[in-house]
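In the two assemblies presented below, chain A is common to both, partnered first by chain B and then by chain C.
Moving on, here comes the complex of A and B:
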C-alpha cells in the first residue's frame, strides 16, 4: 500500500499541480492583502491618524459607564462586558482593531475561501485523479497488475487526502506570511467572540465567550479541512463515474456555484438544506451569522456533509471495483 | 511430449445488454509458443483480451493463468501475466525509468536490478531517464514491452503489437517476440488483423469472427497449400525431370514448374540443376494464400 501511495505521489508531483495551486493562492493573497491595505488606509484618513487609541479609550469609558447603570438586562450586560474585555485587550497590546495583523487576515481569508476558493483548488487535483488514467489509457496498465482494484483506488484516495491537507496548509501559510509583510505578524492572542447559538427565538448569546485568535484559527482550519475533504471526495467520485475530466469538473463547478447562489435565495425552500453545497459555509456558524435556511446549525451541516461524504465513498469504491474497463 | 499449458480458456462468454459479444471461446496456450489471434476489426479480439487480463468481467466461462483461476485469485493469476492492451499508454510526464519504477512497485519483489535488466533487454538504456513524451512510437512500444516483462511473467499478452510501427520496427518487434518465446520460454498471445504478420510470427493461430473461434490450428496446417517455388528453366523438359526426381512436382505448364518451398533444400536443388547444365532463368517464391482460406472461413468478411 505504501508503494502505491508513493506512486500516486510521484505522479501528482510530476504533474506540478500543487505548484500551480500554490502559485494561484500566492497571487490571490497578494491581491487581497493589497485590497485590505487600501481599506485600512481609507479608514485611517477618515479618522485622522494615530488617534485610534483615544477613540478606543473613549469607547471603554462609555461602556464602563453603561455597565454601572442598573437598568440593564443580564444578557445585555454580559455582551457589554465581553466587548469591554475585547477593547481592553486591543489597547493593552497596542493593536488597532481596524488594522488586522497577519493572523486576523488569515482568518478572514479562510472564512471567505471556504465555500468556493479552497474547494476549487481541491477540485483541480481530485477531478482528474481517476479520469486522467482513463483519458491517458494508463488505467489498462494500472488494473492489470496483481493488485486488487480497491487498493489502487484507496492509494489514490489517501493521496488526495494528503494533497488536501497540503492545500489547506499552503493557503494558511501563504496568507500569513504574505499579509504579515504589510500588517505585521502580531495578534495571535487577540480575543474573538464565538459561541453564538441561532435558535427559534433569535440569536442566543448565553454561551458567547472570548477566545484567543489562535484557538479560533485552529477550529477554522479544522472546518476548512473538513469542507475541502468532502468536496474533494465528491469530485473524486465524479472522476470515477465520468471518464472525462472536463465533464466531471463542470458538474462539480456547477454544484459549487449553485450552492453560493442557492444560499441567497432558498430561505423558504426548507428541504434545500440537505444539499451539500448550501452547507459549506461552516465558519459562519462560529461568527453567529444567520444560516441560509432556518434550522441549520453547525452540527446539522456537519452531519449533512458527512452523509454526502460517506455516500460518495461507497459509490466510488463499488463502481470502481465492479466496472468493465474498455 | 506436450508442453505445459500456461493459459487455459474455457467456454468464455460475454453478454452486453442483450447482445452476446463473445460466444463461448475455448483455447489454450502452451509454454514457449506464440499464439496468434486473428480476426477482422470488431470480431471480439480486444474484448477477449480484456477479459483475459481482468479489465472486463466475463459473463460466464473460466480463465486459468498458470493453473490459477483469475476470478478466484486475481493477484496470483495476474502475477504471472504481462500484457499490453492496445497501444502502450504510459505516463508521458514521467521518465521511462519512473514509469518502470511505478509498475515495479505494483509487483511483489521487483527491484532496481530487474528494472535495469529489462531496460537493457529492450535496448532503452541510453534514453531511460528522458521523459516518455519525447519518445518515438517505437521506443514507447519497447518501453511497453519492458513494463510487461518486469514481473518475469510466464504469459505475455500483446494486443496489436505492431500497430503504428514502421517496417523496420515491425521486423524488430517480430524478432523480439520470437526471441522471448524461444529463448525465454514465454507463452505469447498476439492479436492482429494482419494476416501476413500472424503468419510470420505465430506457431498456432485461432481465427475469430463474430465472437466465435472458427478454427484453431498450426500455421502450417492452416495453410494447406503451403509456400511454393515457381521455377522457369531452360531446357524445360530436362529441368522438370530432374526436379521431379528430387521433389514432387505440383504443377508444370507454361514453361513453369511448381514445387514445394523448403528453406534448406531449395538452394540445394538449384545447385544440382545448375551442375546438370540446366539454366535457372527464374526462381520465384510464391506466398501462401491464407487470405483465401480466411475469406472462405469467415464467409467473406473483409480484412485488411
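Moving on, here comes the complex of A and C:
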C-alpha cells in the first residue's frame, strides 16, 4: 500500500499539476490584493479618513438608507438587516471587523473562494486521476499487478486527499505572503466575533464568541478543506465513471456553477437544500450570514456534504472493482 | 526524481491533512459547544479622538441631509463641502449620518449612540436637518392638520429637538451647529396658505429652542422656496432637487466661519 501511494505521489509530482495550481493561485492573489488595496484607497479618499470607526459608522448609515427603499426583495432586505445589526454590534463593542493585515485578507480570500475557486483547483487534480489512466492506456499495466483493485483505487484516493491538503495549504501560504507585502504581516491576534444566530426576527447575539483571528482562520481552513475534499471526491467518482476527462470535468463544473447561481435564487425552493452545491459556503455559518435557504445550519450542511461524500466513495469503489477493462 | 523528494512532499501533505482535519473538528466543536463570551466593554476614553487636520463636518438628520432628490447625489451637505473645500483650501472631512425618513424621535435615539457621539465630538461644524418627517409625515400632514393634533406633534418635536441639541453640546462645546429649518413644499397647493402658517410657526419655535444654546445657528429656508417652489422641487414634490439643494447650501456656506 505504501509503495502504491508513493507511486501515485510520484505521478502527481511528475505531472507538475501542483506547480500549475500554485501559479494560478499566486496570480489571482496578486489581483485580489491589488483590488482590495484599491478599495481601501477609494474608501479613504471618499471619507477623507482611515479611522475604521468612522468608515463603519458611515457604512451603517448607508445600509440603513438602502433599507428605506421599498423596492428591495425580502431576502435582500433581511440580509442587509442582518449585516447592519452585525456591524452595529462590532461598533458597539469597539471591534474592527476587518483589522488591516494579511490574516484578514486571508480570511476574506478563503470565504470568497470556498464555493468555487478552491473546488476548481481541486478538480484540476481529481478529475483525471483515474480517467487519464484509461486515455493513456496505462490502466492495464496498473491492474495486471498482483494487487487488489480496491487497493489501487485507495492509493489514488489517499494521494488525492494529500494533494487537496496541499492545495489548501498553498492557497493559505500564498495569500499570506503576497498580501502581506501590501497590508503588513501583523494581525494574528486581532479579535473577531463568531456565533451570531440568524433567526426569523433578525440577529441573535446571545451566543456570540470572541476569538483571535488565528484560531478563526484555522477553523475556516478546516471548513474549506472539508468542502474541497467533498468536491474532490465527487470529481474522483466522475473520473471513475466517465473515461473522458473533459466530460467529467464538464459535469463537475456545471454542478459547481449551478450551485453558485442556485444559492442566489432558491430560497423558495426548499428541497434544493439537499444539493451538495448549495451547501458549500460553510464559512458563512461561522461569520453569521443568513443561509441561502431557511433551515440550513452548519450541521445540516456538513451532514448533506458527508452523505454525498459517502455515496461518491461507495460508487467509485464498487464501479472500479467491477468494471471491465479492455 | 529522487525518492526523498516524493517522500518529503507526502509527509508535508500528511501534516497539512492532519492540521486541516483538526481545524474542521475545532470549528464544529467551537460552533456548537464553545462558551459564549461577550466582548469586553470599552470605556469611552479608549476611543479618544485622533489628532486631525483640516475641517471636520458631521451631518445628522433626515433625507435632506442625505440628499434625496438630488440627481448628483450630493445634497446640500455635499455642495456645501465642495464650496468649503474651494474657499478654505483645507482638507474637509465629512461624515454624513443622515437617514431617509428619520423623525426627531429616531434622531434622538441616534445621537445617543456612542460612535455617533464620537463623530459629533470631533466635528468643527455640525449640520442638522430634522422635523420635516414629524410635520409632513410624507404628505399625510397635508390631509389632517387640525390644530390640536399639530400642537401635540410639535410639542413632542420641540422636546426631542431640545434633547438632541443638548446631546450635541454635551459631546462638543466648541463646534458651530447649523440647524436648517423647514420650507413648505406644499405652498402652491390648495391648502398651501394654512400649511405655510403652520411651518412658519414651527420654524419660529425651532429657532427659539436653538437660541437657548450657544453657537447653535438656526438657518431659515422657508423664503428660499417661497416663490416658484416647483422649480426647486424633485419630482416627488417634496424633496428639493439639485437647484433646491444648491440654494440651501449657499445659504449655509455664507454663514460658515473658520
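We adopt the following convention: the second predicted complex is superposed on the first by the 271 of 326 C-alpha atoms of A that agree within 3 Å, B and C clash if a C-alpha of one lies under 4 Å from a C-alpha of the other, contacts with A are read in each partner's own complex, and residues count from 1 in each chain.
FYI, contacts are C-beta pairs under 8 Å (C-beta built on N, C-alpha and C of every residue); 3 or more make two chains touch, one makes a residue touch a chain.
Quick caveat, the model's predicted, so the values are computed rather than measured.
J.: Examine A:91 and indicate which partner it touches, taking first as chain B and second as chain C; both and neither are also allowed.
T.: So A:91 only meets chain C here.
J.: A:148 contacts which: chain B (first), chain C (second), both, neither?
T.: First partner only.
J.: On the A-aligned overlay, A:140 touches which partner chain: chain B = first, chain C = second, or both, or neither?
T.: Only chain B; A:140 stays clear of chain C.
J.: Applying the document's definition of touching, compare chain B and chain C: which contacts more of chain A?
T.: C
J.: Quick check on the superposed pair: does A:15 touch chain B, chain C, both, or neither? Answer first, second, both or neither.
T.: A:15 contacts chain B only, not chain C.
J.: Let me test your reading of the model: by the given contact rule, A:271 touches which partner, first (chain B), second (chain C), both or neither?
T.: Neither partner.
J.: Looking at A:6 after the superposition, I want to know if it touches chain B, chain C, both of them or none. Which is it: first, second, both, neither?
T.: both
J.: For A:324 in the superposed arrangement: first (chain B), second (chain C), both or neither?
T.: It touches chain B, and chain C stays clear.
J.: Taking the two structures together, which residues of chain A meet both chain B and chain C?
T.: Correct list for chain A: 6, 10, 14.
J.: In the complex of these two chains, what residues of chain A are touching chain B?
T.: 3-4, 6-7, 10-11, 14-15, 136-138, 140-148, 322, 324-326
J.: In the complex formed with chain A, which residues of chain C make contact?
T.: Residues 1, 3, 5-7, 9-10, 12-14, 16-17, 19-28, 30-32, 34-42, 46-47, 50, 54, 66, 91-101, 113-116, 118-119.
J.: Mind pulling up the chain A residues that touch chain C in the complex?
T.: Counting only chain A, the residues touching chain C are 5-6, 9-10, 13-14, 47-49, 51, 53-54, 56-58, 61, 64-65, 68, 91-95, 161-163, 165-166, 168-169, 191, 193-195, 206-211, 215, 218-226, 285-286, 298-299, 302.
J.: Quick check: in the complex, which residue numbers of chain B touch chain A?
T.: Interface residues on the chain B side: 50, 53-57, 74-79, 81, 83, 85-94, 98, 101-103, 105-108, 147, 151.
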